[in-house]
Amino acid sequence: KEAFFEYLIRLADDRLILGHRLSEWCGHGPILEEDIALANVALDDIGHSAALYEYAAEVEGEGRHRDDIVYFRDDVDYRNVKMVELPKGDFGFTIARQLLFSAFSYFLYERLKDAEDEQFSGMIDKHLKEIKYHLRHSREWTLRLGDGTEESHDRIQAAFNELWTYTDALFYMDEVDELLIEKGIAVDLNDFKDEWKQLVTDVLEEATLEVPDFDQFMQSGGRKGLHTEHLGHLLAEMQHLRRSYPDATWE
Amino acid sequence: MAEQQDDPKKLEEFQERIDNGETIEPKDWMPSRYRSQLIRMMSQHAHSEVVGMLPEGNWITRAPSLRRKLILLSKVQDEAGHGLYLYSATETLGASREEVLQQLLEGKAKYSSIFNYPTLSWADVMVIGWLVDGAAIINQTMLARSSYGPYSRAMVRICKEESFHKKQGYEMVATMAQGTPEQQEMVQDAVNRWWWPTMMMFGPHDDDSPNSAELIKWGVKSKTNDELRQSFVDRHVEEAKAVGIEIPDPELEFNEETGHYEFGEIDWDEFWNVVKGNGPMNRERMKAKQEAHENGKWVREAAEEYARKKRLQKEKAS
Amino acid sequence: KEAFFEYLIRLADDRLILGHRLSEWCGHGPILEEDIALANVALDDIGHSAALYEYAAEVEGEGRHRDDIVYFRDDVDYRNVKMVELPKGDFGFTIARQLLFSAFSYFLYERLKDAEDEQFSGMIDKHLKEIKYHLRHSREWTLRLGDGTEESHDRIQAAFNELWTYTDALFYMDEVDELLIEKGIAVDLNDFKDEWKQLVTDVLEEATLEVPDFDQFMQSGGRKGLHTEHLGHLLAEMQHLRRSYPDATWE
Amino acid sequence: MAEQQDDPKKLEEFQERIDNGETIEPKDWMPSRYRSQLIRMMSQHAHSEVVGMLPEGNWITRAPSLRRKLILLSKVQDEAGHGLYLYSATETLGASREEVLQQLLEGKAKYSSIFNYPTLSWADVMVIGWLVDGAAIINQTMLARSSYGPYSRAMVRICKEESFHKKQGYEMVATMAQGTPEQQEMVQDAVNRWWWPTMMMFGPHDDDSPNSAELIKWGVKSKTNDELRQSFVDRHVEEAKAVGIEIPDPELEFNEETGHYEFGEIDWDEFWNVVKGNGPMNRERMKAKQEAHENGKWVREAAEEYARKKRLQKEKAS
């Protein structure tokens, strides 16, 4: 039960924080269509996280509301990978991160949708459809930027180079995963690591981009609460109002 | 676009169509002034949607619950959609999106002055949903019967979504008005700050509104500014009462005879100041849009270049 | 009493918020000497605000701690002018704001140091020495940037142009001032408005800069709690931790 | 700087002076390797002060009381001052500040690895004051007796300020350790994360520290890395006990015979990883300094150009 709670929180935190970064684009995108598209992905991500938090609270069974989990944990208690908490950067950085993360999400959800927990797998199956759109959207923009102008090529290449060191942490596993794999709920992330690499490599190559070294030093820590300094600032903003008036109703 | 003289006969026929309640479609003949007035109105309307994303967007990252965060994000996204929809409708009149957008960025085009006020608290965003969307709906309900087809159809669709937004805003206003003392204070403070700017949204008094008569004659509008404003007051004062919100107008009083609320005079100095660009947030709003446009330049160029390359490849292949 | 409290809060809020913006430079200045100098001014400003808040709490006489005033008010209850809450901008913007504000502070404190409230005037007199340094520091940098390279000239000119619309609010007065002027505590800001204009004009001209139009449209509102959207974000960051654990001791 | 062969006679005299406990001053003859080792050490030390401003600076805007905000800001300012002081001391050896700063910005120079860890909570900043400044003091107390005059004098001054910083950090650690349950958890979590990185500050074991012997011979250092680390442990374990903080080392045990604490082994893989640039924050720290330098370019150029103009004016006038 505790492991399942932790597992759900990891999934949810990734999506909430990434959605938060995407939502920062709202009103500031390069074209109106992308204001809409990025808001759409943000809505999906935050929406997925909301469903996951709600289920996590149910699994925990201590009567907490999903918002208690979101608004009253500090950064060291958040379990997202570092990749999603990095500042939104330019549009190229946002797209590069979306590609790396959505591809991962896609393979993960493809497998999790058969998990032996109906409520969970049902949720996953429902979200998978949207994740496919996220992947398509980020793939298309990676092609446009990579194979667009010299400037766009350089910018998105720099983004991938910067993000690469954070990719391996997506595949982090520990006893939480092991326990849940046994129960038929979680999946072994190694099962699709090569597929993920292949997909990412294919897209980057088609986009005329150089694929950074998969064997470089890789950052870790997010799943254990070891974050960058960015997350604390993000949470300060996100939680300030809610924490200021903890007794008020905001639904 | 230079205004040209229209053929008097065609003009007469056109007015007849209008008077018969017919809908004008893009391919139909129309007076050049009808066209230019519509372009002005519709592009302003589109700009308002787009600039309107900013004050509300300011609170997405700070929304106090996940539910409210999703509602707000979705609302702002809808506004982007409305903008897109209205730019397309404007294009049916021959004014390209790039062209009218450029006018906005150069400060030549207007947008609704209401968005030149800052959102200082979460309650502001809820009050915008209730009052500002409420005011917009009153205006748009009328425009949904406008004589220009694409505009009226856009309005029908937009109105539906905005009614939903208003409902959501009013819901939270009600929750706060019946919430903790701090929430009550917060929401009342927001109403105090937004009431008068919202009243200004309907524009100057009928006497000072040079375009109104023409627009009414052409069936674009069917009510005057003051009529619309009166509907707004009548409706929202009741809604305020229902949840215990006070309207910051000491002169507000129900007139049993007319069945309408009478209200105090708008601060027209403030109104014209904001229109002229001197509102609290005019510069910030323009700066935000200009920066977004500037920062997005390389992205748009890349997309174009990529499309060009793909076209070339296709041509070669065929 | 209430007027005096309000008056002290206005003075204090200006200095706290400006000090906050200056403190954001710490570790990110153009040269190490300026990391030190800006931190120094920030220390003075925040220090002055701390003394003013403490005295305000005393004047109020309701047993509040100065931190209660700082950490538990929302933006609409803050009374600072808008100028000080604008983002720190580039070094030129920071310097331009420092010049405009320090010059104002200087003339104000020169007069307030004779206020008929010993504790207050003593504090003002003590702080005045430091404000003279702030004015000198910002004046010297205005000269360097204005009369430096073309780029620096353009940058600081743009900063002054942007800030100008916020200057008149420094001279805002209402019944609070009137009441306290009668009591011999506050001073009539109009008494030194021309001197302030002259000083600023002299510095800008010496720096080969154009003096923007004093008669342009001027922003107002800060003293009545009508701020820009920046202040809310600043306070979210500033107050988050303290509000998260309101019962804890942090001295 | 290319290492040249030193005159053996001069070398001998130099060693004699060192052995007699004399202080070497800038104008004195010194072996080229003595000079280069000192430049390396002192500029690293200066860089550490400057980079060290970042993790603590990260919390200035979020300090939970005005008193603590002022203390922290003042501390970070002191560090800038130390940096300046140490760069000056390094210049007495002929290495200009621009030169050594450039090495830092290009990633060629090192700085203390401890600053490549993030400050995730307010408690981190307090624990840095207590542990990291505590470790620095132990090292610097020794360096205050270093054979090179400017370095030892810089250390005396710096040490005094750092003792004050340590005291302030320890004070808040104590307050938190005796505070609310959340505060206790927060401060213990910070100690758990910072203890081992602090232990690494003293560098590799003596066997793996190639420079140590030489530096001791020349009177720059008087204790080995392991000796310094032992002093650190002995002192800070007691301080932790006094306020009820647990040290995250299961092997920690007091040895009655030696009078010292025995402790577990450092994770040397992590140590070398961070040294090689792969710590959690290496990139961010370098990026922050590079950006500050890049953004400050126009300011430095303006100051230079202004100074040039003024010089010219003066020359003309005279």
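Residue numbering begins at 1 within each chain, and the chains themselves are lettered A, B, C and D in the order written.
Operating definition for what follows: a contact is a pair of C-beta atoms (placed from the backbone, for glycine too) under 8 Å apart; a residue touches a chain by one contact, two chains touch by 3 or more.
Chain identities (UniProt): B, D = 1,2-phenylacetyl-CoA epoxidase subunit A.
Because the structure is a prediction, the values reported are computed rather than measured.
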item	value
Chain pair showing more contacts of the two, A-B and B-C	A-B
Subunit B and subunit D, separation of their C-alpha mean positions in angstrom	58
Centre distance in Å when subunit A and subunit C are each reduced to the mean of their C-alpha atoms	42
For subunit B paired with subunit C, centre-to-centre distance based on mean C-alpha positions, whole Å	37
Multi-chain contact residues (two or more partners), subunit C	74, 236-237, 240-241
Shared interface positions of subunit B, touching two or more other chains	62
Touch-based graph of the chains, sorted into line, ring, star, complete or other	other
Touch relationships between chains, expressed as pairs	A-B, A-C, A-D, B-C, C-D
Subunit D-touching residues of subunit A, taken from the complex the two chains share	74-76, 165, 217, 219, 221, 225-229, 231-232, 236
Residues of subunit B that touch subunit C when the two form their complex	55, 58, 62, 118-121, 186, 189, 193, 273, 276, 278, 280-281, 283-284
Parts of subunit C lying in touch with subunit D, wherever the complex brings them together	20, 23-24, 26-36, 39-40, 42-43, 46-47, 49-50, 53, 66-67, 70-71, 90-92, 143-145, 147-149, 151-152, 155, 237-238, 240-242, 245, 247-251
Contact footprint of subunit C on subunit D as seen in their complex	50, 53-54, 57, 60-70, 73-74, 76-77, 80-81, 83-84, 87, 122, 175, 179-180, 182-183, 288, 291-292, 295-306, 309
Sites on subunit A touched by subunit C in the complex	74, 233, 235-237, 239-241, 243-244
